[in-house]
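Same chain, two partners: chain A is paired with chain B first, then with chain C.
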Partner chain A sequence: MGDSQYSFSLTTFSPSGKLVQIEHALTAVGSGQTSLGIKAANGVVIATEKKLPSILVDETSVQKIQTLTPNIGVVYSGMGPDFRVLVRKSRKQAQQYYRLYKETIPVTQLVRETAAVMQEFTQSGGVRPFGVSLLIAGYDDNGPQLYQVDPSGSYFSWKASAMGKNVSNAKTFLEKRYTEDMELDDAIHTAILTLKEGYEGQISSNNIEIGVIRSDREFKVLSPAEIKDFLEEVE
Partner chain B sequence: MSIFEYNGSAVVAMVGKNCFAIASDRRLGVQLQTVATDFQRAFKIHDKLYIGLSGLATDAQTLYQRLVFRHKLYQLREERDMKPQTFASLVSALLYEKRFGPYFCQPVIAGLGDNDEPFICTMDCLGAKELAKDFVVSGTASESLYGACESMYKPGMEPEELFETISQALLASVDRDCLSGWGGYVLLVTPTEVQERVLKGRMD
Partner chain C sequence: MAGAMDLPAKGGFSFDLCRRNAMLAEKGLKMPGFRKTGTTIVGLVFQDGVVLGADTRATEGPIVADKNCEKIHFMAPNIYCCGAGTAADTEAVTDMVSSQLQLHRYATGRESRVVTALTLLKSHLFSYQGHVSAALVLGGVDVTGPHLHTVYPHGSTDTLPFATMGSGSLAAMSVFESKYKEGLTREEGIQLVSDAICAGIFNDLGSGSNVDVCVITKGKTEYLRNHQLPNPRTYVSSKGYSFTKGQTEVLSTKITQLKPKVEVTESDAMEE
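Now for the complex of A and B:
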């Protein structure tokens, strides 16, 4: 890798002060399937579309929402394989923290370390930035938290956010609907309605994924049956 | 001669009612010769967390510097102080890193955790933690300290009584050990204040 002609960094500054590769990475994210997250007073919900390329794909094998630790979950918009790499790294970092301190990693620390990994890939030789934006949802001693991490490595804490194809409509919808003291079940309904807004086709319990964490601090991906119940309540 | 007996040391920590005390001797020796009578072995990590390090003095100082370094970074990153249990796990991990070339120290950790619950523990030089509800001891005078503490300790002591007990236990034990003594240094920590006192004992 050291002697290769291509071992310089692909993320070099343009004259206008931008890192063009990161801009392109954000475009890759922007054309990915919509995902969103809402922080309620007593928990966090994250959700995403799960549009599969063909009806022949076994939808039970596809899991877009992943658990990083028992009390932290994550969803993405963008390139699936890049997401899997980040999930692996984040899980390892969380376990290393536990090995050292025998304490579960706080959400902010995990977000910080994941963001640091993503930033490394914008300043190293021979690598490209990750083509995903992550929404990390967790519940720890500081209460429910929702963070977005971008390919550049910058992270933001959100009360509610969306990413991917339908981001601007989804965010406008969320801005109208969000209230500070929302209950988690209301937040789940709002999340479903937001997904429905931009969904091309018929939304069902098999083509969306929802992950929830309540004050019991156990992150759970809802089963299709549970999603169906929420969908029926929304109708 | 064991490397742990090169400098001589005595450290003890005791739990009281919503408080704890940590005490150490003040002698620094080079085998049989006494070189200093004001050597500090018990150090502050933060207002509610203290560590006493017995054993080889150079390792005690270096280990303390490393721990303060780690704790300061932790405070900056996490914007909070380390809980005593977390700190104990960190010390254990740091000591085990040097499994095949260890620090010749036996730490005694004492702190107030969540809800100001007193926490004490000790570990060997490789990081094997030993939690206790009443008292922990380490150093060249440890055998005498075990005996003195066992007989003098009772649970739920108020700060003044705890101070008396730990002082008497320390002074009595170091009198039976030629490598430790030359006075004592006691820190008494409650949720609201910290009292430091220097004890005058047999100066031999």
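Now for the complex of A and C:
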């Protein structure tokens, strides 16, 4: 792919100084299902809607929240297949880091390397940017952390963030509800309420996904039964 | 602006320097030696799973390089691997396969299987045509049951109920051949493995020091580091040694000043 005569970048500047392909990628993200993340004092929670195209789809076969390392998880808004590719690459990068330094990769390093991959695809020959924004949640020696990575490859650390269809309402809701010393269980309730705000229809334990990491540093995707308990507490 | 996808990995042994090395050897250059693990490593299958055992001596020719090294390597939470041969090779190959198994676990969402580790190891070793000097005893318990395999440097493998490798393998095997039976209990298994390793420790120069044991059963792994210490270090004197002045005859004395004298003179401060 890089060697052919026609390997020039497809992402080029417009006269106004914008990279239009990246803008379009962000539009693709913006029309994806809502996802959000909240950093609490003692952990991080990430959540997303899981709206399937038809009731005939087996919802247990779809898992939108993925584990990158035992202490880092990730969720996305945008194109699922692009997400799969990034998850695969990030997992490999984490393993390579471990092989090189015999240290489990810090959250910031993994975010940096994933963002570098996403940036590469905006400047390489014959490829298009990824149509996803990622929310990476992790817990390492620097405590709980939440990062958002965009198709351009830029990343920011957030106390709470949302992406996808309902981003502006969700962010407004989070701004009102967020407190610095929030406990993780409160954060999970807030996450559920935020998803509920923008949800078309009735949310249940089968059409949302929640991933949590506490001070035990083990990223876990909650089972439908566990989600049900939290839903009942919220109502 | 190279392509964003990685080039396919070029594996296998690179023969580029072989001609040069042969020419240098002809001219009389001695090839550098490497640390080998001498070693006695064993494994056996008992009624609930597998028990692995290893000694802890690493040798560099006739010298003991490490009196308490770890020869039982982690592959997966349910799979461990004992390594004999060149220490660097066993470390590197087990770390590499352990990393690959982790990625595979994430991709499949399942517990790793022993045959997967086995196949990854043997393919790698075969592609290096025996130049990666790693002789391994691989054991673990997965959904299909308990498994025990031996892997040879050239890439061949055996599947056995009990196995030994390393320079102490004959000493250990004699213990296994006389005492192994099917359906051993956990205590019997650990005792038999310790006996076999001790046979290696005491009868083989390349093996020594302590006994490490690892017990793997369905859902639980216990790594018993230094399960037995049959070679305790007895020190001559806890007070240490005293070398009083006068014990050594002084033949001549020469004193050289190392610190030259520094002169401080008053002068103007540097201009800004």
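The rule is simple: the second predicted complex is superposed on the first by the 229 of 235 C-alpha atoms of A that agree within 3 Å, B and C clash if a C-alpha of one lies under 4 Å from a C-alpha of the other, contacts with A are read in each partner's own complex, and residues count from 1 in each chain.
The criterion applied here is as follows: a contact is a pair of C-beta atoms (placed from the backbone, for glycine too) under 8 Å apart; a residue touches a chain by one contact, two chains touch by 3 or more.
Everything numeric in this text was worked out from a predicted model, so none of it was measured.
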Dominant contact partner of chain A by residue count, chain C or chain B: C
Touched partner set for A:99, first chain B, second chain C, both or neither: both
Contacts of A:123 with chain B and chain C, given as first, second, both or neither: second
Touching partner for A:112 - first (chain B), second (chain C), both, neither: first
First (chain B), second (chain C), both or neither touched by A:147: neither
Chain B versus chain C as contact partner of A:83, first or second or both or neither: neither
Touching partner for A:9 - first (chain B), second (chain C), both, neither: second
Partner chain in contact with A:139 - chain B first, chain C second, else both or neither: neither
Touched partner set for A:158, first chain B, second chain C, both or neither: neither
Chain B and chain C contact sites that coincide on chain A, given as residue numbers: 99
In the complex, chain A residues that touch chain B: 99-103, 106, 108-109, 112
Chain A-facing residues of chain B, complex: 77-78, 83, 85-86, 89-90, 93
List of chain A residues in touch with chain C within their complex: 1-3, 7-9, 66-68, 88, 91-92, 95-96, 98-99, 120-121, 123-127
Chain C residues within the chain A interface of the complex: 1-5, 95-96, 99-100, 102-103, 106-107
